[in-house]
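Next come two complexes, and both contain subunit A; in the first it sits with subunit B, in the second with subunit C.
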Partner chain A sequence: MSFTFVAPDTEKELKAQLSEAGSFLMTGGTDLLVKVRIGKIKPQKIVSTLKVPTLHFLENKVDELVVGATISYSELLDFKPLKKDLPILYDAIFTVGSPQIRNRGTLTGNVVNASPAGDGLLALYLLNATVEVSDGSVIPIEKFVIGPGKTILPEREYVRAIHIPKYNWNVHYFEKVGQRNSMTISVASVGWLIRCRNGAIEKFRIAYGSVAPTVLRLKEIERFAEGKTIDENFVHTVSEMVKKSVKPIDDVRGSAKYRKTLCANLVYRMIERRTKC
Partner chain B sequence: MRVEFKVNGKRHSVEIEAGELLVETLRRLGYKSVKHACDTASCGACSVQLDGLPVLSCRTFTAAVDGHEITTVEGFSKEGALSVVQSALLEEGAVQCGFCIPGLVVTAEALLNENPEPTEEEIKTYLNGNLCRCTGYESQTRAIKKAAEIRRGTLHRNANAQGDGI
Partner chain C sequence: MRTSNAKVSSNNRTKFNVVDTPVPKVDGYALVKGKTVFTDDFNIPNALTVKILRSPHAHAIIKSVDASKALELEGVICVLTHEDVPRVAYTRAGQGYPEPSPYDTFVLDKKVRYVGDAVAIVAAETEEIANRALKLIKVDYEVLPAVLDYEHAKDDGAPVIHDEPEISGAYDVSHNIASHYEMHIEDVEEELAKSDVVVEGTYYTPNQSHAMMEPHTAISYFDPNGRLTIISSTQVPYHVRRIIRHVFGVESRVIKPRIGGGFGGKQAVHVEAYVTAVTLKTGRPARCVYTREETMTASNTRHAMRFKVRVGASKSGELRVIDMEGLSNTGAYGEHALTTFMVAGSKTLPLYNKVKAVRFKGDIVYTNTEPAGAFRGYGAPQGMFALDCALDELANKLGMDPIEFKLKNSIREGETSPVFKVMGEGREGVEQIIQSCKIEECALEGAKLFDWYEKKKKPRINGTKARGYGVAFAMQGSSIPAIDMGGATIKMNDDGTFNLMVGATDLGTGSDTILAQIAAEVLHTTTDKFIVYSSDTDVTPFDKGAYASSTTYVSGNATKRAAEKMAQEILKAASEIMNEPVDSLHLENGQVVSENGTSLTYSEIQTKLFYTFKQRQLEVTESFVSEVSPPPYMVSFAEVEIDLETGKVEVVEFLNYVDCGTPINPKLARGQVEGATAQGIGMALYEEHVLDKNGRMVTNDFFTYKIPARKDLKNIKVKFAQSYEPTGPFGAKSVSEIGLDTPGPAIANAIFDAIGVRLRKLPIKSEEVFFALNS
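The block that comes next holds the complex of A and B.
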């Protein structure tokens, strides 16, 4: 394991450091460090973003929250408007690891790490977040992530911030099913957002984690749900549609069959929780 | 590469490998309370405070703490006397094999600094990254609650409790 470690303190220097081959970006390092230690990644240089002050910011605008690249989960959870304005994101990142992990890990790291099990990532998919890259481009999250651990982040560029649009959802729900309550990678996770109008669903968003190569938004179901009222029949139909849409695999955390059934059953939380429009 | 950081108030300047883990450096410097246990970010036995916040030293490069302050469990006992949290753990019988305790104390101290009046639920949530295979957490939760009360001045310690109870 012979590599160098640099921690530039300006974005200009950060970019210069990244221009050398074999350079890997690191913020909290909670994921990268694991990959380096097991030899999955063999860096020549690790470039830490933590000392760049211009990446450490939270900007709370009327219509969106902008989260700088080095803001940790803990800092985000401590940011008072988050729970009120983006409760689904609050609920999702509260399930990440433990306080120790949340003190180091970042939302941007979750995005760039691009795990289909990313808890923060699932909320960002639901909220139609966009990713601000250092070359000036702003890319929708669903386009930015292209597979497990894969993004379209160009080499020698870095993510500056995540932009998260605010919208007045009437219902939000997030649930992560793991083998234990904490410090766990999800077997499956689900989230939905509902906007109601005149007793029926006006807008619906639903996404699953850990059941496909990326987090999965089920857009067919989202379109189907528009105009419907939430009753047993609706939940049953959605559950059947979920079963057909998710594409889980067998792995150490659970079998594909179990995951499919689990995903379908999770929709029934709407009945349990007496979700109504 | 050379890094400088403080451990329990003491300044250290150390020559390290770029890939060296904080837990390795700390143990090399003699802070043996920091346990290198699961090495998979699962158990919390390697927890230390980084600028007052608990982190996993097995998931932190030493290179990344250059210029920062670390606190290990040794930092909480002043002149050989146990901290309120440590005493409460003893009094409530929350220490059996003891392996998880340094990490647990470090995390519990951070909790009480952040939230001086935690509910039982808040204690359990905050400690969910610190595994203990002996106690079942009941005695530890009780101890942290008690420590919180003592620290707030709403409960006075029974001076004899420690000697008689064990």
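The block that comes next holds the complex of A and C.
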């Protein structure tokens, strides 16, 4: 295992460094270095974005939060408006790894790593976030990620920032079921957002992690939920629909059967938490 | 003459000066500052890097090894196969000699018996070259059918794993039985028939990885005079020296630096034989550091065991009979096979000495999986999971509180159990009358602290969460009696310090510190006056090593004896210098003080003895071997919360009430119990070896093999009973292993209490609870 490591300090140089074949982008390294160590990838060069000052920013606009590529989870968690404006994102990234991992890992890294188990990624799916790429394009997260570890990020380009729209959701929920309580990859994870109107659901978003090749938004259920009131019957129906929609696999963390039933059961958190519109 | 101020009865701890105080670890600062203390930190110039080519097959015959391509690679110095190393059968187990484990292992063999078994040893100038060489070696295997499931190891027609003619000490290799043991006291069938209530159950405990921070590591070289020297991360330097001589016919010096954790995993020869083979072949220093994958897949694991248990009691709750029939998986080789199985009985059954009849029997079988070996608890956690859960079931069937039932039938001070005499480790045990046992305090005071009876009144189910409460009792031992010996040497210096040289091997437990405390207590000085050196077979006296909960007790008693003898030597010298009778002198604050008020410091005494007065070096060596193995006792209380929608189990609270005699260092003793609880929670809920269909371990790293993380260890409490063991150093018994015995049963009992489902197989993963709830 031998490779060169560069940490350019301008975006121009970053782009120049990426033009060489065999270059891997690193924005934190909490996934990349693990993969290098076990020999899953063999980079010739690692190009770190962390020293580029123009990628290290948080822009809190009225209608969106723009998170620069090199903002770590810890920095994001320490950013006071996050918990108020985007509580689902706060809850999701709070479960990432350990304090050490959160000090190093970034939301952008989580997006480009494109794991179906990505905790931050799940929140971004729910929030309809968009990805700002260095070529100027802005791509919806669901289009950006195309499979496990796969994105449409063009070679020699990098992610500049994540744009996260703000919206006044009445209910947010995130839960990750892991093999243990921290330093864990989800066996299954779930999140939902609810906007209420006149005692009924106006808007509903629901997503699952670790049960398909990518994070899964269940749009059929989202449409079904519109106009419904949250009662036992509703939860039961949604739960049944979830069971039919998720496509988990057997792996070392859990069986497909467990994951499927788990996903369906997690919907019942609405009753446990007395979720109402 | 006063050499020690310990004058106590079995119930009172006297105030000590140094013992029973939380002095800081003598090596604590070096460790947290990242100083060079571990084996791999030793910079031996010109050392070759040694790597092991390992089998991809669970069971195969090596037809040929073609290393020509590897040897062509610049920087590759040698590739050794089974043809290049002595064909000497041995056991890797680091035990007293003669070892009670079968001689079924060769440094390299023409047959491989598990995925990860050693095929060839590669030595190269750098690690990179060695790794490239591994890939260039071509091995032609004849793949054989394998035994992966230990419950089928004895089946008719099962492949025979050990068919080598040299094997000795194994029980029945044609049926893959490495060892067999059986004992009984009175007639269990008769007592079962007389019992009003009987419970039967089959209980399983899993393989477990030690997951110590420092991987297995060794360096070997010839010193300038041609003496083979091995620096090794080992718990048993003297056994390593003996085994290396047995295999290679060479004398050696074994140095054990600071160890980065062992938990029993380093109570065996792992790396030492490989580096030795290279140094003997090439004359060059050789270094081998296992990867994490090798440490996980190709060292040792805890013996997985199955116990079929039958227990019976009278209506009034008198336990009449315990019958345990076991099966233990020793993997590809039989290190510690018989003894861990026997400990599953010998360190559990005497706790319930009121029974009329006991039977304990079973086989320890070979399989084509990673060899099992010593692991903290050494069979007792496996045996106690089965026994304590069965007794919990019995109490439940009787309608009795489990604390009341277990306490009613357990041993007390002044009592004995015939099992002590019948069962030892690999042979008969020793009779002993229990002189310290505070199990009542542990159970009753523990129940109060835990609020057991109030908690048990609460409803168990609240919405989608269930809470449950479990209790487990445990005992262990303190050393292997009449077998294991430890020595200590104390040398006095002219600056008032002492060298304390011990063969005892601190593996992170803090034994260097507590041995210094014991010596300082006797010699009326402070721990900072002791320069502790452990261990080096050319310098320190013999010690069996760090295992069997023996260092505090055996090495501690040896240290105490040495310190007492040193005290006599000091007083004698002072009496001569001061011209006063010994009886009028005593030790106080690093000085000899006379009744008439005059005094001499230790520094003044040794300075005179060096240069001006009856010149001599004060130095003493003492040894200790025990005739008894006083058990520590413990009662643990677990509160669990189960999420009914996910099956997730949280250990909300875990209280340990421990009788370990005098805790020599309460902070370190607490750390031992907390650490063992953590490993026990891992065994109970998370840790498991998953094999694929070819026998390759899937859970071969910390990404897939989950040990408990900080947030899984919510609220572990440790309380020490007031206890004093008369045969121990300043009243101490062992504390290092017992903490692993209770989490399995306490958590399983609590889960039953919460949801009414009895899960008899560890680990109890969320998924299993989930399907148990939904079936």
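Note that in this section the second predicted complex is superposed on the first by the 277 of 277 C-alpha atoms of A that agree within 3 Å, B and C clash if a C-alpha of one lies under 4 Å from a C-alpha of the other, contacts with A are read in each partner's own complex, and residues count from 1 in each chain.
Here is the rule we go by: a contact is a pair of C-beta atoms (placed from the backbone, for glycine too) under 8 Å apart; a residue touches a chain by one contact, two chains touch by 3 or more.
The shown structure was predicted, so the numbers you read here are calculated from the model rather than taken from an experiment.
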Open item on the list: Once chain A of both complexes is superposed, is A:252 in touch with subunit B (first), subunit C (second), both, or neither?
Closed with: second
Open item on the list: Looking at A:261, would you say it contacts subunit B, subunit C, both, or neither? Reply first, second, both or neither.
Closed with: second
Open item on the list: With both complexes superposed on chain A, which partner does A:29 reach: first (subunit B), second (subunit C), both or neither?
Closed with: first
Open item on the list: A:182 in the overlay: touching subunit B, subunit C, both, or neither? Say first, second, both or neither.
Closed with: both
TODO: Mind working out whether A:46 is in touch with subunit B, subunit C, both or neither, as first, second, both or neither?
DONE: first
Open item on the list: Contact-wise, after the overlay, does A:98 reach subunit B, subunit C, both or neither (first, second, both, neither)?
Closed with: both
- [ ] In the overlay, answer first, second, both or neither for which of subunit B and subunit C A:5 touches.
- [x] first
Open item on the list: Just to be sure I read the superposition right, which of the two partners does A:80 touch: subunit B = first, subunit C = second, or both, or neither?
Closed with: neither
Open item on the list: After overlaying the two complexes on chain A, where does the subunit B footprint on subunit A coincide with the subunit C footprint?
Closed with: 2, 34, 98, 181-183
Open item on the list: Under the stated contact criterion, what part of subunit C meets subunit A in this complex?
Closed with: 128, 463-464, 645-648, 650, 686, 690, 698-699, 701, 703-704, 706, 708-712, 765-767, 770-771, 774
Open item on the list: For the complex, give me every residue of subunit A touching subunit C.
Closed with: 2, 34, 38, 98, 177, 179-185, 187, 252, 254-255, 258, 261-262, 265-266, 268-269, 272
- [ ] Write out the stretch or stretches of subunit B touching subunit A in their complex.
- [x] 1, 17-19, 21, 39-42, 44, 47, 50, 53-56, 59-61, 63-64, 66, 107, 110-111, 126, 128-130
TODO: Note which residues of subunit A are touching subunit B in the complex, please.
DONE: 1-5, 7, 26, 29-30, 33-34, 36-37, 46, 48, 50, 74, 97-101, 103-104, 181-183
